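These are the structures in question, set out in turn.
Two complexes come next, and they have one chain in common, subunit A, joined by subunit B in the first and subunit C in the second.
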Partner chain A sequence: MKHTWMRAVGIAIAVGIAALLGGCWDNRDIDHRSLPVVMGVSLSKDKYEVVLQIPETSSKGVNLRILKQKGRTINQAVDKISERMESSVDLLHLKVILVEKGYAQQGLTDSIASFMRSRDISPKTIVAICDEKLDPFFDYVKKSMTPRGTTLYDCFEKNAGWNPQMSLTRIWEVYRSIHSYTRDVAIPIIKSGRNGTIDYLGSAIIKNGRMVDQITPEETLLFNSFNGHSAQGKIEVMDKASVMILRSSMRHRSKIVQGTPYLYVQITVKVSIVETKGSVTSQSINQELEKILMKRFSGMLRKSQTREADILGLGQYFRNKIPRTQLRVWRESYLPKLRMDFRIKSIIQNDGYTKLS
Partner chain B sequence: MDKSWQVALMYFIVHLGLIFFMYPGDIIASTQDGHWIPIVLGFALHLAALSLYLKGLFNWGNNDIIALYMKAGKGYAVLFLLPLAVYFFMACITVVRCSAEIMTIVMLSSTPLWAVMLTFLLIPTYFALKGITSIFRTGVLIGMMNVPIILFFFSFSFQNIDWRYVFPMIGKASFLTEPSYLESFFVFAGGFLFLGFIQPHVAFRKRYVILAAIALLPFFIFSVYIPLLTFGQSTASTFNFPFIVSLDTISITWLMFERITVFLLLSLISFLMLFLSLSLWSTMRIVHAGIPALKPRYLLVSIPVLVYVVCLAIPSWTDIVKLFWWNTYLRFYIMAAIPLSTYFLASRSKKRMVRS
Partner chain C sequence: MNQQIQKLRDQFSENDDFFMLQDSFLGTPVVLLGLKSLIDVVPMKLSLQTYHAAAIESHITLDAFKKVLGEADEAVGAHEIYGSILNGKLFIYFEADDSFVIMDPIPRALNRSIETPINENVMQGSQSAFTEDIATNVGLVRKQLQSDHLRVHTHTIGTEEAKDVALVYYEGRADMDFIRRIERQFAQNKNKTIENLQQFSKEILGFPTWSMVSKFNQTELPQEAAHSLRKGRVLLFVDRLPLALVTPGMLWDAFCLDSDRNFPLPLMLFLRTVRVLGALATLILPGLYVALVSVNPEVLRIEMALSIAQTRAGVPYPAIIEIIFMFVVIELTIEASFRLPKTIGPTITMVGGIILGQAAVQAKLVSNLLIIILAATTIANSTIIGLQQSLALRISKYVVVVLASMFGVLGILEGMLLICGYLGSLTAYGIPFVGFPNAKSEANRG
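After this line comes the complex of A and B, so read on.
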């Protein structure tokens, strides 16, 4: 008898526990949340301005709603927006953070650190810089881009509108650059274009969370292939032909002689010919390509050395050669002195369907 | 009946549950470079303690360590079993409080702490009430469900690493006196002691457990090295839970879930619940041996209640860290004294048996 009673209590408790399966406390249902996809941040006179782009579904399709607010912290501004809306703002699905150029030049350290600290914003969120005031930019986005809600995000997504000459940098990488001794990052710079497009202007060199210089899209392509992001598919335009980079691989050797770092790098690019102009030979294409890439690379290296910002992560190759105490000053005392022996070898893997004359 | 592989699996998953939260942060904080040295040193000590303990247990034969100490004398029992019970109790408190706090940080930001902790204690208590064999059966079930998940995400966590961050390989020996390094032994001390309590109920062979321990080495190493290789030392040292943050950086486009951290976290939490139920059960055994008048059932209910009350009294993360630190002395005592005493007492009684 006692046994059956115990069993009944047990079953009752087990059924009661099922009530816990609801799980979350103070849960807000999805229809009471606004999920912004893009957040714009700018700073003027010690006040942050936050712009949120929130896609909202209606009977006609998706509407983009743009909301702005100022606050002493980013959170305060977001809260203000949330207060004024009928639903609560949830940054959980934020995909892109767009920073005004002026703010990027002042330094993003505080905001990036707080993005990392709070679990609301995913560390995978993409960071981009906007080369104009945020208001007109978002107005433009609202007016002219097809309202699908994620449009701006699609420009950066690797399986959507991303191009190999775009840098793709996420919050955690910027955070790493703030603290790391030997690694900086490049952030894409965009601007409103015409006819519903967004112009890509190149990449900003970010050193310790502060924008110090800018590189062109072509240089960014090289930067990407140097850092092992696939440079596949990019069409390289020259005087005589355009080629598609199929694969690039890299070999390197590093040494330190009397405090001067030496780095030997050889990049092998395998290309396929897409378009030719006049009569060209494979030899001339190879030469031309190597020349152009060399020029771009040395330009980028010079920028990186004068700004003491190691976007190429060159310091990484010396981590086993320099003691940690010295590594701390890599950017200031080693990088400008770096001697680099850079070689590019191009191989025309195939010339497409037609023979090269 | 021989349940070696159940015991080995349990040993494996209990440690997995312990590794990924505090351990990486502690090791990264303990030294600036050459992190593999503290890891391997800790692991070697763990393996030494484990094999000594097992040797003692098998010399003692098919019985638990409570019987061993009781036979050796009341003094021994007080000297070793009392601290052990206190240690299990403290371990329960820290695990419940820590994992509840992690849950609030990572996902349940609006759920009150008391509710999270309550569920954390209810489920292990239920396991423990059902007895040791059912804890092991649950372990097999949870292991079969969650070990594949862990392995999957663990292998994907290599996505963003840069091997060059592994340098410099050689560090200083100053980590030996770092508080955070001493705290990291939490992982090594807590998990193997249950082996001494299960013997007459669950029989097992030594070899399997040792193999499970060795299989853990890559997890110890990479739980620390994945954040290090993803972020670099100077960045990784700014995180409270470096491994969890580095999991957050993984993007798998073909997977329909955005935040995979939650899955890994839940698997780990389920492992920690097993750890809790084992600890509760072991504590109950010790207290029951000390005061046989108390019924095991009531003990198993009152110990978690006590744990819960203490957990509620801890106000903040800094206090948890403090508690962790106070625990350190006890932890080293347990880790050294229990295996050694088991070994010596067991071999003494074996000799006596041979003589008589």
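After this line comes the complex of A and C, so read on.
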């Protein structure tokens, strides 16, 4: 009997402690939180301007609210927005961070570090660059994307509107590139769309958190397939035909001879023919395809070498060949000297449902 | 008249169903005593006359005739006589030599016949169910399990109020230590009165009272009972209880029925998986709702988050209050549908379930999603076997809900851990509740 009493008292104490110290009164229900999906950030005259795109739910559907504030830090600006709203702003569901081009060119290092540090912004958030002022862009967003809350995000979502020629870079990848000696990233550049939702202009080459150059969507496709992102289902246009890349695989060998890095890369692309113009043979398509891919790739490599930004991550293949003290200067001393033997082999896996005449 | 008869008459004087008839056997006057409510008097007399006529024809002595009628034990005390009359026996007193015979007369039909189970549904299995009569129940088990290894021990427990308890086990498969332990408990507590299973479990077998899960797994089905016997469990029958108490009860009893094995193996596995999923869904779903809505909305996909926020727009209470409120309504509905006659049960279910739920949503008291969760939980709750287990499950989900409201998704984990720990701590005489009935060790027992 006494034992039972002791146990009952013990349980009561445990429950009481859990209830009193749990801190559960700070929990806010989901309908009292504002869940911004897109955050725009720009920097002018040492002040951040933050724009939040918040889907507001009502019984009728979703409305978009665009709220702007300026602040010394991004957090201050977000807090100011939160102050002025009836529900609290919760960045947990932030999906896309849109950075104004000017700010990206100045360098994103601080912001990316603080996004990584903050507990509520997920490191998986996609980073994109906006090639116009944020105000007109978000005005356009409000005007054209109102019925659904997540349209802009869907453009980047792999199982929704993402295309293989779009680069897809998360905050953690940018953060990694800032601190890595041998790898840089490409960030998609977008603009309010004339036809369609948004215009995709290509990707920005980000070196140590700063935008240094830009590559075209076609080059981005190659960049994606080089980095192992599925390039499947992509249509590659040529003079005579367009083909769909079914799968691509890559083999590489690297060596260092007297301080000069040599890299041999062979990419095998398996394609399917989608459309042809005039009379073509599979041989001519193969040749054409190899030529085009070769040209694009060398163009991208040249850009990467002149800008000393290793978006292809070529330095990764030399990490075990260069001492760490030297790896620090990979971008400046080795990358420009890199000799690359690049080969593309294309295989037409099928001609579609009809034979190639 | 004998003193003993006088005493018996005094004892039964307040009972109008007590009868005392004068008769004579082979020229000797006798007195017949019994209870009219337990003995069918007219057929009883007819059968006595048949016996009597046969005895006259074959010219047997009075002593031999006594032996034909029943046991003639001189040593039986007054208390036993009293008990046997209460038990429905006929007491025949021979005035000439002051001796008596206790006879098994034709009883009144106070037992129902063997019927189909009421509280359990059988899919493709034996349809007969246990009844109130303990002998019938043991007989049903014997029919189901024809083996010379089956052992039945009957005990009468209680002095003031007697109750028959039968212990049935499969010799060679059951754990003999366990059986000896039960027998010892019966012997120790022979004089205690049992009115219900709570008392039976606490007073007689010495199991703890504050246990969420019963030590007995109850079944109405002889097939299931026989199966547990083969698995080395022990059956306890209590007279007037149309159930077999399978002890020790085990966790897997809630998921596995023997009649599942009448299906092909893949179908059986599917059925059992569904039951396990049902139990998990009952425990997790309500907690998950609370956790995702109020503590960890970041776990949801944004589309989902927005649509949940939309269904909750305008709901005044926090998720925990909302869900507890609706659960109370559901519990009331379930309890009411047990209490109500079968004819209006469905009406209440409809009013409670559909109309109340819909109205609560429209009145913006609760969110749409909650109603879905609630319905799913209530349905999933009933997938597991046994009313008691499902009730225990129904209660344990509140632990998860409350913890989820405090600690979110982590709280669900904590709740599950708590429940698993609790189940793991349960034992019956050293046999763990979460153990598997292991065929290998069964072969070594006994």
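Assume the second predicted complex is superposed on the first by the 334 of 357 C-alpha atoms of A that agree within 3 Å, B and C clash if a C-alpha of one lies under 4 Å from a C-alpha of the other, contacts with A are read in each partner's own complex, and residues count from 1 in each chain.
Going forward, a contact is a pair of C-beta atoms (placed from the backbone, for glycine too) under 8 Å apart; a residue touches a chain by one contact, two chains touch by 3 or more.
The structure presented is a predicted model; accordingly, all values stated were derived computationally and were not measured.
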- [ ] Identify the partner contact of A:T4: answer first if only subunit B is touched, second if only subunit C is, both if each is, neither if none is.
- [x] second
TODO: Could you say whether A:L20 touches subunit B, subunit C, both of them, or neither, answering first, second, both or neither?
DONE: first
Open item on the list: Quick one: is A:Y181 in contact with subunit B, with subunit C, with both, or with neither? Answer first, second, both or neither.
Closed with: first
Open item on the list: So in the superposed three-chain picture, is A:K255 touching just subunit B, just subunit C, both, or none of them (first/second/both/neither)?
Closed with: neither
Task: Partner chain(s) touched by A:T57 [first = subunit B, second = subunit C, both, neither] - done: second
Open item on the list: Quick one: is A:H93 in contact with subunit B, with subunit C, with both, or with neither? Answer first, second, both or neither.
Closed with: both
- [ ] Mind working out whether A:N320 is in touch with subunit B, subunit C, both or neither, as first, second, both or neither?
- [x] first
Task: subunit B versus subunit C as contact partner of A:S122, first or second or both or neither - done: both
TODO: Show which residues of subunit A both subunit B and subunit C reach, each in its own complex.
DONE: 24, 27, 93, 122
Task: Contact footprint of subunit A on subunit B as seen in their complex - done: 32-33, 105-112, 115, 119, 122, 162, 164-165, 167-169, 231-232, 234-235, 238, 245, 248-249, 251, 253, 258-259
Task: subunit A residues within the subunit C interface of the complex - done: 4, 18-19, 22-24, 27-31, 33, 35, 37, 55, 57-59, 61-62, 90, 92-93, 95, 120, 122, 149-150, 153
Task: For the subunit A and subunit B complex, residues of the former touching the latter - done: 17, 20, 24-27, 93, 116, 119, 122-124, 158-159, 170, 172, 175-176, 178-183, 313, 316-317, 319-320, 323-324
- [ ] Sort out for me which residues of subunit C touch subunit A in the complex.
- [x] 210, 292-295, 297-298, 302-303, 305-310, 312-315, 318-319, 403, 405-408
